[in-house]
Each structure stands twice: as C-alpha cells, then as structure tokens.
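You will see chain A twice below: alongside chain B first, and alongside chain C after that.
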Partner chain A sequence: MNKFKNLPVVRAIGFNRVVLIGVILLMYLVFALLTPVLHSGATFLKYDRILSALNYAYFIGFLGLGVTFVIATGGIDFSIGPVMFTAALVSGYCLTQYHVPLWLCLILSIVIGVLFGIINGYFVAYRFLPSFITSLACMQIAKGVGSVFTKTQSVTWPTEGNENAWFHYLVRWGDVPVGFILLCLVAAICAVVLNKTKAGRYILCIGSNKEAVRLSGVNTKKWEMLAYIICGLLAGVAAIFYVGAYTTVQPGLGDTFNNEAIAACVMGGTSMAGGLASMLGTVIGALIIALMQEGILAMGFTISYQYVITGIIVLIAVTADTLSRKRKN
Partner chain B sequence: MEEEEALRETYFAELDPGRRKELLERFSRDHPQDAEVPLFQTLWSLRHVDPKNAEHPVDTFLWQIVNLISLYRVPGFFSGGTEKEIRAAMDALGFSAVAKYGDKGREILYLELRNAARRYFSTCESKSYGKKLMGIVTMNESERRDKLAREVWQLTEGLSRRFETDEDMALFRKAVRDEFIVQYPDGEERLERQEKRRTKKRIA
Partner chain C sequence: MGDVILTMKGIDKRFPGVQALSGVNLEIRKGEVLALMGENGAGKSTLMKVLTGIYKKDAGTITYEGREVEYNNPREAQEDGIVIVHQELNMMGHLTVAQNIFIGREPKNGFLIDDAKMNSDTRKLFQQLNIDINPKETMSKLTVGKQQMCEIAKAISHKAKVIIFDEPSAALTESEIEQLFKIIRNLRDQQLGIVYISHRMDEIKKITDRVTVMRDGCYVGTLITKDCTKDDIINMMVGRVIYETPKTESHVPPDAPVVLKVEHLNAGRMVQDVSFELHKGEILGFSGLMGAGRTEMARALFGADPKDSGDIYIKGEKVEIHTPEDAVRHGIGYLSEDRKRFGIVLKKSITENATLTCLPRYCKGVFIDKNKEKQVTKQYVDTLRIKTPGIDQLVMNLSGGNQQKVVIEKWLIGDSDILIFDEPTRGIDVGAKQEIYELMNRLVDEGKSIIMISSEMAEITRMSDRIIVMCEGRITGELDIKETSQEQIMHYATLRAGGSDNE
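What follows is the complex of A and B.
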C-alpha cells in the first residue's frame, strides 16, 4: 500500500482522490450489474446514461467549486441552490418575456449570482454574522425573488433546435460532453487560484487562523468576501449549465442542491473546519453524486431515494472529516 | 547594564507592536552606542514596516508563520516551487538581513522569531481559531492545543522533511519549538505524539 501511495501520480493527485476515482468505477460496476436485475429490460451500459449523469454533474460541480472557496474560509453557503435557480428564472424570464438578447441573459445570470455573493459576503465579513444564518436568509430571499419576478410561473428556456438555443452547446455538442471539458477547465482555474495566487493563499489562511492573518496586516474582510463572490459567480455559471441540460426551471426550488454540492465538496477532501480544500476532489465528488442519481433512476427507484442517500452521504462525509481531523491532531 | 538587560527582556516578551516600538525607541535613546541597536531596528523595520504604506500596521513574521503552515498543506500537484517559496519566507523572516551581523545577528533573530511564534500562539486563543464545522461548533481546550501542536509539528518537522529544507529552516524550527515548549507545559509530549502518529503512518 505504501508503495502505491508513493507513486508519483498518486502523490500528485492525492491518495484520497484516487480512492474516490476507485469508488466511481466501483459504483458504475455495481449499477451496471444491478440495473438489469432490479429493473427488467433496463441497462446501465449505455453512453446516454453517462451523458445524462454528466448533465447532473455539471451544475453540482460548479456549485461545489464555488462553495469550496467559502468552506475553505471556514464558512458555509446554504443559498447556492436557490441562487442558481433564481439566476436561471430571472434571466430566463427576461429572455422569453422581454426578448432580451441571449448573451445578455447569460451575463445577467452570472451577475445575479455575484449580487447574492456580495450580499452573503458583506454580512459575513463586514457585519460578522454567522455564515449559516446569512446564507439561510439569502436562500429565502433568492427563492422569493425568483417567485415574485416570474409571478410563480416556471420558465422554459428555448429548447434545442430553436432560435436562441446555442447555449445548449455549452453542455453538449452532439455526443461530445462539452460541459465536462468546461467543468474541468474551470476546476483547473479554481485550483490554480486557490493554490498558486495571493487571493487563494489568503482564503486558505483565513480558514486556518483568521486572527493571525488579520494581525499580519491582511485585509481579511476583503478576501473573505471575495470567497463568497466567487461562490455566487459560480452559482450563476451553474444556472447556465442547468438550463443547458434541463431547460425548464421552477420557482421556489433549488435548496436540495445545496446539500449535494456541499457533500461533493466534503467528500472530495475539503475540510469543514476551513484551511484545506481540493478542487479536483470536489469535481470527483460531484461525479459520484451524479452517478448515484443516475444509478438510482436507472434501477427504477424514485428521486426521493436519492435525497435519502445524499443525506446519508453528507452525514458520513462530515463524520469522516471530523474523525480524520481528530486523528490528525 | 542590568537595566539594559531588563529592557531587552521586556522588548522580546512584549507582543503588542506599538508597545514594542516604544521600548525600542527608549532602548535606542538610552543606549545609542549599543552595537545591537541597528540590528533591532533592522528587524523591527523588516517585521512591522509595510514598504508600500508606512501607516499600515503589519507583522511580516506572523504572516510568514501562517504562510508556512499553508505551504505544508499544498497538494502534491501544486508543490513544485514550494522549496523556493520556503526560502523566500526565510528571507522575509530576516535570515539574509542578519547575515552580516554573524552570531550576534542569529541570536537576536532567534529571540525575534520566538516573539513572533508567541504572538502566533496568542492568536490561537481567539474565537475564530477554535471554530469547526462551518463555524457552528467550537473546539474545547484540549482540541485547540492538539490543533496548535499539529501546526507546530508541521512548522518544525513536517515542512523541512517534505521539502528537504532542514538547513534553511534550522533556526526558525528551533525558535518555534522552544517557544511552544516554554508556553505549554505539555508541549513536548504533544509534539512527541504528533511525531509518533506520523512514524506509525510511515511504517504502516
């Protein structure tokens, strides 16, 4: 085992991430074997299944990448899911009802995410409110804004083949999962920002020992707020990928995706205590959750089972994180 | 001579930069001929003067301690160039600046580093340091000490082993370790526990 751990590739990726990749392969195998047994006539070994799982992984992945920055500071953002939905609802409503150009609607989606990031960040960093309370309040605001703006109507973005539907190509171009390439690209950028830039170093150090960073002369408020703004921005990006994959958005929803994004993040090795984060781990975590969702549906179970399993995964991931920190200490 | 020694001791025991500046000014005024005065002033400027904004209060040494802890946690893929960063951190901690003062310079730097380490330890009493699980749960005293012991181990052993920077970091490591053991009566025991845990992991 030690030899394996010391392989250059394993050391570069990280042993935990390698284990998670193994979990993905194992899950795929289990679903491939169980699907025909539990749901006669169905098969999991289809390229469409992979594409469908990836559709789910994109927006969970973007949400997860964003919340990784916040968790790295020692905070949390429970508003990402509803913010993503509000961004998709408001910009989609502008597109379909006011005929605002598509490119402007996509930018609007990101701007809405950033605005919520600014609100969260301001109250956490400058008003010293606990992040979970601030983000819970923001979650309610986001849900309300989405409902009020669309008069509680669901919004359907242009479907593939229609005019103004080129945004679907961001998710999938024929059989090519473009979204996966973009998710990996954004994850790589986030990893570089977190590990190789001044901003990333400050964000990680704030999560590790905020008081020491403050006494060093660093403007901790500014950098902490930046983490929330990046999180909001990526929630806006996630909205684009959500509508690119599913087209229709309903008001008042989105909070179930918070748990999934946070679970992806913690499963990937980001510490809930702050100061330690892994973008690659978050992407792998998102893939695990997406594969699990696809597997549950393929086996003929309802989506409610997925909520149960996601909840269990969150409990296991957080317990494992707490225990591993205890053991490390 | 006794008064000079007492002033020196107070200077290195004090954690508040403003109060330290007053003590340094008093020391420079009362003992202008003392050969150590320029060395103290060099280290003071290096540690507390922001070259971009003289009005902005900074503590470069404290920042480097936090920075070095985060360098230990850099993932494998991004660890290229970390040795260079550690050496740059040692430079920022005054190693180059005191080189021309010889052994005396190293002795004073050691005391300054211990002061910086003590200031870092004092921040560990803050509310934010002991937060866990999204800031909702707070660590108890023993957990705080364990977290601090892990960080001290990372600074004194982990970094130099992972990036092979033993020689460059020797004085810094000694200063942090000595200060930890002086500040916490069970410090040595906690560090040993950290060491054992790592050794056990390596053997396994």
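What follows is the complex of A and C.
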C-alpha cells in the first residue's frame, strides 16, 4: 500500500484523487451490470450515456471550480445554482425576445454571474456578514430577478441546427466532447491561479488564518472578495454550458445544483474549514456526481433518489474531512 | 526525596523527516518538582505527549506505580492520574469557565447538566487555589494569563498523581507566577510528582528540585538543582556558556534623526494620550505590567485596531495609518505577542508564511517566483537556525519556539525600517534568545529602529537604549538606560492615576 502511495504518478495526483478515480471506474462497472437487470432492455454501455453524463458534469464542474475558491477562503456560497439559472434566463431572454447578438448574450451571462459575485463578496469581505447568510439572500434575489425579468416564463435557447445555435458546439461537436476539453482547460487555469499566483496564495492563507494575513499587511478584504467574484464568473460560464446541453431554463430553480457543486468540491479534497483546496479533485468530484445521476436514471429510478444520495455523499465527505483533520492534530 | 512514581526508558518517537526522540529516559518522583529543559525543538513537549497518550511511542517503556503502561489517548492517562497543562491553550472560548473545567465530566441532575453544582464546585476549587475568577465568566473574555490559570485549575481538579506543566508561565504576570508557585509547592507537599517545563532560568532555580536536560531529542543528563549553577544547566543544554550583561549606556548617537513620532495617540480605554519619539538605530523598550496597554498601543499604531485620535509622523512626514497594509507600506512591522492567533498561518508551510508580508516582491507579474521565494526562506531559516527538516514543513509541526522564529523571519524578509517586537522571546530557549538579541543588535546597527515590548525585566534592561514605562494606558515614565534600575521601572509601572478601579 505504502509503495503504491509513493509512486511518482500517485504523489503528483494525490492519493485521495487516485482513490476517487477508482470510485468512478467502480461506479461505471456497477451501473453497467445493474442497468440491464433493473431496467430490462436498457444498457449502460453506450457512448451516448457517457456524453449525457458529461453534459451534467460540465456545469456542475464549472460551479464547483468557482465555489472551490470561496471554500478555500473558509466561506461558502449557496447562491451559485440560482445565479447560474438567472444568468441563463436573462441572457436567453435577451437573445430570444430582444434579438441581442449571441456573442453579447454569452458575455452578458458571465457579467451577471460576476455581478452576483460582487454582491456576495462585498457583504462578506467588507461588511463582515457571514457568507452563509449573504449567499442565501443572494440566492433569493437571483431567483426573484430571473422570474421578474422573464415574467415567470421558461426560456428556450435556440436548438441545434437553427440560427444562433453555435454555442452548442462549446459542449459537443458531433461526437467530440468539446465541453470536457474546455472544463479541463479552465480547471487547469484555476489550479494555476490557486497554486502559482499571489491571489491564490492569499486566498488559501486567508482560509487558514485571516487575522494573521491581515496583520502581515495584506489587504485581505480585496482578496477575499476576489474569490467570490471568480465564483460568480464561473457560475456565469456554467450557465452557457447548461443551456448548451439542455437548452431550456426555468425560473425559480437551481438550488439543488449548489449542493451538488459543493459536494463535488468536498469530495475532491477541498476542506470546508478553508485553506486547503484541489481543483483537480473538484473536477473528479463533478464527474462522480454526473455519473451517479446518469446511472440512477438509467436504472429507472427517479431523480429524487439522487437528492438522497447527494445528501449522503456530502455527509460522508465532510465527515472524512473533519476526521482526517483531527488525526493530523 | 520521595519514591519513584514514574519512569520512562529508551523512548523513541519519529515524525516524517524528524527523529523527535531517541532513547530518552526520565524519572519522576513523588513530592518533587522535576524541571525538563532543552532548546526549542529538543523534544520536551513531544516526550510529555507520548507520556499522556497523545502520540504513540515507537519504542521504549513507561512504568507507572510499578506496572508498565501505554495510554491510547489523554483520557486514559487522566483516569490513571496523569494530567498535562499544555503549552498551547486548549480552552473553548465560547463556554464559561466552569463549563470548560468540567467538560466531558459534567455533574448531572437526572439527564440535565447541573449548572449550579458545576459553578459552586468550580468556585470551591478556585478558593482552594486562591484564584480570583468568576466561574460564570465566558472564557474568551479572560486575559491569556487567567485562561492559563483556569487550565491549571482544571488539571488539578482531576485528582492527579502526576502533573505536567508545559511552559505554564509564558503568559502569566509576575504575581500570577508567584501564585502558581504557591500552588505547585502545595501539590508537592501532597506528594504529587510534578514536571515543570520552562525556558526561564530563574524559575527553574526557584521551584524545581532536579533538572533533566534534553538536546536534539536525546537525554543528556540530570542535575540536582541546588547543587548546580545556571551556567551548568545552560552549558548542558546548548553546549556552551552564554553571558548576559545588561546595557549600561545608549548606543544611539545623540544626533540620530527621529524616524517615528507619535503624538497624542488615543485608542479606547487602554491607550490614552500616548506620545513618544523613536530614533534611528534605537531600541526603545516598553515596560510595564501585563495589561498596561502596551500591546494595544502597538496595535493602534500599526493600524490593526482603530484609533480614536492622534498623529503619526515618519521621518518628519505626517502619515495616515488605518490598516496594517498602510503600516507595512510605510515600513512598519509588528510581531504580535500571540503568535498562534496573529502571527502565523499554522496550516501553511514555512515558505508560505515567510514571504507573506512582501509577496509582491517575490512575484513575476501575477505569478509567484517559487525559486526566489525558497531561496530567501532557506537563507533566513539558516540564519535564525530554525529547526526543521525542510522549508516545506507545515508551521503546525514546528515546536513552539521555532514557530516564534518563523514570525521573526517573516518580518525580517519584509525588510521594515521600524520593527515593533511584542514579547519577542516568549517561549524561546536561552540559546535562541541570545541569537535573537544579537540579531536585534545587528538590525539597529544596519540603521533600523526597534520598539521592544517586554514583560521580562532582564530583557528590557539588557536590550533597550531608552525605556518607556506604561501603566493603565498612559505613559508614566521615560528613562535613559544609564540611569535605570529595576526598582525605578517598577515604581513607574505601578503609578496608577489616583484611586483608579482595577477590574
């Protein structure tokens, strides 16, 4: 076992993440075996299944990458799901009703995410409100804004093959999962930001001991706020991938995705106490969540089962996190 | 002298990259205070943690009251009568004093916790020990010294047969230390075995019967306290003799320019109308009793806490300092007295802590230049002789004194012109203390200026060129080193404004 832990590959990726990759393979195997049994005539061994699972992984992945920054500072953001929906609703409404050019709508989606990030960040960093409360408030605001703007109607972005539909290529070009490449690319950028830049260093240190960082002459407010802004920005990006995969968005929803994104994060080894984060882990976590929902649907269960399972995963992951921290003390 | 109650033999303990203990022996006797001494990182705390079941030993035996024991956790040790007062405080800030003392063994009244009994038991305990603290007070509202006294009371309340004090006095005032000694003597007379860890030589001479010395995780030897001198112990600890000579005159040339001028600084109740000047190349000592407002003054000056009024001039120019960021930009550095809370980021490496004050200087654009950063960290780890397997070690895994050195390293790399050292040698061993003193002297020779806040009289008279004494938030005296005596400092330190109410 120790020999395995010390392999260069394993050390580079991190033992926990290697275990998680193992979990993915195992899950795939279980679903492949169980699907035909539980749901006669169905099969899990199709490329389509993988593409469909990936569709889910993209937006959860982007949300998760964003919220990883926030959790790294020791905070939490419960508004990302609804913010993503609001961004998709408002920009989609502009596209379909006001005929704003598509490229501008995509930018608008990101800008909306950033705006919510600024609101969250300002109240947490400069007004010292608990991030829990601030982001719950933001979640309500986001849901409300989305509903008001679209007059509580759902918005359907142009479907594939129509005019103004090239954003679908961001998710998938024929059989090529472009979205997966983009997700990995953004995750790599996030990892560089977190581990190799000044901003990332400050964010992680703030998560460990904010007061000590402040007393070292660092403008902690600015850097803490930045984490929330990045988080909002990636929620805006997630919106594009959501509509790229599913086309239609409804107002008033999105909160379930918060939990899944946060679960992805914590599973991947990011500590809820702050100061410790892994972008690669978050991506793997998102893949697990996505594969699970695909498997549950394939086996013929309703989506409600997934909520139960996500809840359990969060409990297990957070318990493991606190336990490992206790052991280290 | 009493019988042996506990023996540790050939104890080994390894952490990744560090052999913290190798073949250590220790003998605790009934009715005796044993001093455990050694440099920072010698392994004192680790040895005591092995004894109380916090760490598992790799080898060796522990014999307690004639039988071999091995505890899996501190609770088992406690039930057997071995308790420890830790170097770092372990209290729950949001609970009351009584709740903290009875945590995990609350008196029950049916299913409910019997608060009244808990409070009255605590009161009784305090009365016995002559401690004046309200059991219903919230822990976080107490001074660090009082919290420490609670921790001690908690340990004693366990009906222990062996009590270990790991640097209990670092956060205590003179009078609290006196009280602690009274308690310890009392326990000794009741035939308990006591281990006392401290870096303060005068305390060792005063309270202990035997001294066991450790160096680099090894057992060096044991001396009878009354048969040896301070120098014998130091020699055994660090392998050389250290001379302590007080300063007799100021090293600052009379025409040295003023680098910092503070005028009528007010901040809350603890800083009232403080004005002073600091010259280039000067070490300005701030003396006073604990709670005199020196730390509060420094924090207000540094922008860590808001100030009510007052002007600050640096090199003759008026500056606005509202945040620590402003202060650092103007070349001021502040080493906090409470390193765990304000000084270091425990979960991060030495390198990450070291460059925190001036990260932009170790960046290329937005990217951190890791090589440059590592190089400078390594260099200062060597000069300060921080004991660590490598600069990537988490600060959490360093011994107390070495953590303090990391704080100092941070500000040295920060390259500030004006340094405020708040209790710079708290928890630091004699050898390292000497090194820090030399370092401070070197810094002022290089043209930097230092404000040194210290509660240790010997440190003040040894290092300062000029001394300011504070009492209850006001400056009550200013002394040139040439004409200073400890009596004089004490006189000013207790010069209270007429009939003030304490507490």
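Rule of thumb we're sticking to: the second predicted complex is superposed on the first by the 329 of 329 C-alpha atoms of A that agree within 3 Å, B and C clash if a C-alpha of one lies under 4 Å from a C-alpha of the other, contacts with A are read in each partner's own complex, and residues count from 1 in each chain.
By definition in this document, a residue touches a chain if its C-beta (ideal position, glycine included) is under 8 Å from a C-beta of that chain, and two chains touch if they have at least 3 such contacts.
Being a predicted model, the structure only gives us computed values, none of them experimental.
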{"item": "Combined model on chain A: chain C and chain B, fit or clash", "value": "clash"}
{"item": "First (chain B), second (chain C), both or neither touched by A:T197", "value": "second"}
{"item": "First, second, both or neither for A:S208, with chain B first and chain C second", "value": "both"}
{"item": "A:I181 touches, of chain B and chain C: first, second, both or neither?", "value": "neither"}
{"item": "Touched partner set for A:T322, first chain B, second chain C, both or neither", "value": "first"}
{"item": "Which partner, chain B or chain C, touches more chain A residues", "value": "B"}
{"item": "Contacts of A:V218 with chain B and chain C, given as first, second, both or neither", "value": "both"}
{"item": "Touching partner for A:L7 - first (chain B), second (chain C), both, neither", "value": "neither"}
{"item": "Which of chain B and chain C A:L45 touches, first, second, both or neither", "value": "neither"}
{"item": "Which of chain B and chain C A:S131 touches, first, second, both or neither", "value": "first"}
{"item": "Where chain C runs into chain B (options 117-125, 315-323, 351-359 or 495-503)", "value": "351-359"}
{"item": "Overlap of the chain B and chain C footprints on chain A, listed as residue numbers", "value": "196, 201, 204-205, 208-209, 211-213, 215-218, 275-276, 328"}
{"item": "Interfacial residue positions of chain C with respect to chain A in the complex", "value": "302, 304, 323-325, 327-329, 334, 336, 341-348, 352, 356-357, 359-360, 363, 366-368, 370, 396, 410, 414"}
{"item": "Chain B-facing residues of chain A, complex", "value": "1-2, 11-14, 71, 74-76, 130-132, 191-192, 195-196, 201, 204-205, 208-213, 215-218, 272-276, 278, 280, 318, 322, 325-329"}
{"item": "Residue ranges of chain B in contact with chain A within the complex", "value": "50, 56-60, 62-63, 65-67, 69-70, 73-78, 119-120, 123-124, 126, 128-129, 131-136, 143, 146-147, 149-150, 197, 202, 204"}
{"item": "Chain A residues within the chain C interface of the complex", "value": "196-199, 201-202, 204-205, 208-209, 211-219, 275-276, 328"}
